[in-house]
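All chains are identified by letter, namely A, B, C, D, E and F, in their written order; residue positions are counted from 1 within each chain.
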Amino acid sequence: MSELPHLNASGEAHMVDIGAKPDSERVAVAEGWIVMAPDALGSLERGELKKGDALGTARIAGIMGAKRTADLIPLCHPLSLSRVEVTLTVDVDSSAVRCEASTATRGATGVEMEALTAVQVALLAVYDMCKALDRGMTIEGVRLIHKRGGRSGEWWR
Amino acid sequence: MSELPHLNASGEAHMVDIGAKPDSERVAVAEGWIVMAPDALGSLERGELKKGDALGTARIAGIMGAKRTADLIPLCHPLSLSRVEVTLTVDVDSSAVRCEASTATRGATGVEMEALTAVQVALLAVYDMCKALDRGMTIEGVRLIHKRGGRSGEWWR
Amino acid sequence: MSELPHLNASGEAHMVDIGAKPDSERVAVAEGWIVMAPDALGSLERGELKKGDALGTARIAGIMGAKRTADLIPLCHPLSLSRVEVTLTVDVDSSAVRCEASTATRGATGVEMEALTAVQVALLAVYDMCKALDRGMTIEGVRLIHKRGGRSGEWWR
Amino acid sequence: MSELPHLNASGEAHMVDIGAKPDSERVAVAEGWIVMAPDALGSLERGELKKGDALGTARIAGIMGAKRTADLIPLCHPLSLSRVEVTLTVDVDSSAVRCEASTATRGATGVEMEALTAVQVALLAVYDMCKALDRGMTIEGVRLIHKRGGRSGEWWR
Amino acid sequence: MSELPHLNASGEAHMVDIGAKPDSERVAVAEGWIVMAPDALGSLERGELKKGDALGTARIAGIMGAKRTADLIPLCHPLSLSRVEVTLTVDVDSSAVRCEASTATRGATGVEMEALTAVQVALLAVYDMCKALDRGMTIEGVRLIHKRGGRSGEWWR
Amino acid sequence: MSELPHLNASGEAHMVDIGAKPDSERVAVAEGWIVMAPDALGSLERGELKKGDALGTARIAGIMGAKRTADLIPLCHPLSLSRVEVTLTVDVDSSAVRCEASTATRGATGVEMEALTAVQVALLAVYDMCKALDRGMTIEGVRLIHKRGGRSGEWWR
């Protein structure tokens, strides 16, 4: 017997049944970093000082990415997000941009995939804008940091 | 003057002009890891032994994700991929799944965003299937490892 | 403090929280015009007499566009439309086609963006079909004419 | 016989054949306005002074909207945009925001629908962010102002 | 008066109003076949024995296709699926692959279009993978076999 | 060794490399039927007499579906269609609607999946509009009838 809920007794992938799960308030928060060369980070910061458009573009990419989660992740249930917030902050000490995404819904299944997808897409958008300056950028530490709602209650990393 | 090519002189984001760039063969290879608890990795491996559907599902997610890159990344040019390959391998020593994606096109702009998006989406799909077993999984080391084509020639990490 | 609800205290865009808003029946009606040269309008009318396919195509484009609203508008909440109606009528006196779209849902947020998107997409589809005949067509007067449901009650222009 | 190229001899809509048209450089520029109450425009401006995120969000919506044109407009050919620029400017005298979008490709068909779609989606995004302040906003004057490439050569309004 | 619910009194297509229909548990099951040359079926089976990826890919395509139903079918209401299962089995006697898809939701409208779309897309994906071996494959017998929920109660073919 | 081109030597699915294939004119024609009860067909015909909107809606669904092929079929290459035509005809003798779709491109890979997807989606749209009248409708005989271009030359069923 398979232990992964998305695999049935024959080992075949399916979208698990959430029809019997009650609705509850669901919240998830995820984070991640993109580490880049100090010079590239400096250019990003100077662009930010001017107009704020580089990180603003990545923030919008993350929010719109959260809404595409069920389109991208094969076995994810479609759900109606009631809130999405994405913040991107320049961290000079670690020569990185940190992204944090928070998502919420009222429904029968959690929103952690939506928060993680927001982080991944926002960091990819930063990568895209900075790639002419540094090809060696690395996305690190993308993970869930908080989850609330559903049978499993509240969880903090 | 902004140094990020996607920001114009006023600091506003736009999709850069590639109209004058000649077509060339473009290849990109990216990689990344999802690190999880040994128990979760064990369950994933046992699911794999049966049918191969867990990593197979993530592989398809990555391939389809590569095709959605320009939909997700605001300033990415739409392009016609001529090849996408995604491999996922269980690495017991580091208690992780490694993903490598290779993309190619013939066109005026590179395919590194497509390779990176394939890796990100494939790893998110692994996360989704294993999240009931381990909430602490972390996606690490998502980065470009090879690029060929265009003015900048060949690059290896 | 920002006065636009989509901007937070730092001036950053986010998707506002509707988690605490009660569900109610929501209706919105929007309208708009595309003004074109009388000759182009005549050709459109003659095409209509034959088969009805030109305005029928635009009507379907509007209905499908309404369903894509949250994909297009960055900070829009995804919602499940319970009804969409789009009508397009030829107005010879103003040498224009008028579009009216009506949308409804039962939910925590309004459907005016869906009605406006339906009008915009339907008029763009008319533009596309007539553009070989008149390049000077102009889309005018796209606006909300009715809204019902939610805290603000009923509103008519 | 129908005079609209998208209708065949029976009056049925189809996607016209561009297989025999040679590739050429194609450019299109479109514009449009959203007129709102002076108070709403003032709030938008104050939000802009802080972070630039309101018009920045609409600009990204317009760019991404241009890439979705063939998804939205039933008979539009899919094409690969080589450049998209969207500018939004506050015009206090007319109490409006003006949007201008410029698109380019190298291909067998024009990019005016992409420029117009960018304008429509960017203005809808402004509407969405300001709708809590003014329900009576109207989108006006959405039209093509320039077109270059293809058999018909250069055109200015 | 038109007898098709999607056509209004004037014969124009619209998305019917489901706002007054109560929520209920909805289930639908659909099936279909793709008939191919015995040699092509043999190759498909041999590929399956190795890794299971051919039918696994088609299964994922079907599940993801079910989630795109309202994007594809103009007058379909968007809905949140609570379960999707797709099975594909090789039937040597009829030299065919049989697909069965089962979908569920809790809502105001049925899920038969989602089940049928899953079958159609899964069979198209099989076609795509086998088309180099047999151009004469035919998709047959795509139909509903079960439906439950809503005013009409339970139905079996 | 796997004989299906989409499976590599390890049996894993991938998007095959078309980078070395020369561009050529590509055409495909596919067909299919939806068989329904004579009463349902009669209602469909009466709706058609009035406005033509039922089959017109299905035709647009088919054209738009063709443009979504690479989004739906996991291993399909994205391509730019240069022409799509969909015809739907009522066939009283077989109590069915017949759909025929013709697609074309200039490129390195064929367009048969696009033609078949157009047929499948158009027939699903007919199903959707008639399902209140007949639950027993069956989609039959979806297959390729013509293909031209590429190494394999011209093919007729």
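Here, a residue touches a chain if its C-beta (ideal position, glycine included) is under 8 Å from a C-beta of that chain, and two chains touch if they have at least 3 such contacts.
Source: prediction; values computed, not measured.
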**Prompt:** Starting at chain B, what is the smallest number of hops through touching chains needed to reach chain C?
**Reply:** 2
**Item:** Smallest count of steps, each to a touching chain, taking chain C to chain D
**Value:** 1
**Item:** Angle (degrees, nearest 5) of the CA superposition of chain C onto chain E
**Value:** 120
**Interface numbering overlap (same over half, different under half) for chain B and chain F** = different
**Message:** Report the chain whose CA-based centre is farthest from the CA-based centre of chain D.
**Reply:** E
**Of all other chains, the one whose Cα centre sits farthest from chain F** = A
**Prompt:** Roughly how far is chain D from chain E, going centre to centre by Cα mean, in whole Å?
**Reply:** 36
**Prompt:** Hey, how far is the Cα centre of chain B from the one of chain D, in Å?
**Reply:** 31
**Request:** Specify, in ascending order, the residues of chain D that touch 2 or more different other chains.
**Result:** 12-13, 51-53, 56-57, 59-61, 64, 68, 71, 74-75, 80
**Prompt:** What are the touching chain pairs in this one?
**Reply:** A-B, A-C, A-D, A-E, B-D, B-E, B-F, C-D, C-E, C-F, D-F, E-F
**Prompt:** Once bound in the complex, which stretches of chain A touch chain B?
**Reply:** 2-7, 10-13, 32, 43-44, 46-47, 50-54, 56-57, 60-61, 64-65, 68, 71-76, 112-113, 116-117, 120-121, 124-125, 127-133, 135-144, 147, 155, 157
**Request:** Give every residue of chain E touching chain B within the complex, in rising order.
**Result:** 51-53, 56-57, 59-61, 64
**Fill in**
As the complex stands, chain C meets chain A at residues 8, 12-19, 70-71, 74-75, 77-80, 107-108
**Prompt:** Mind pulling up the chain E residues that touch chain A in the complex?
**Reply:** 25, 56, 59-60, 63-64, 67-68, 80-87, 104-106
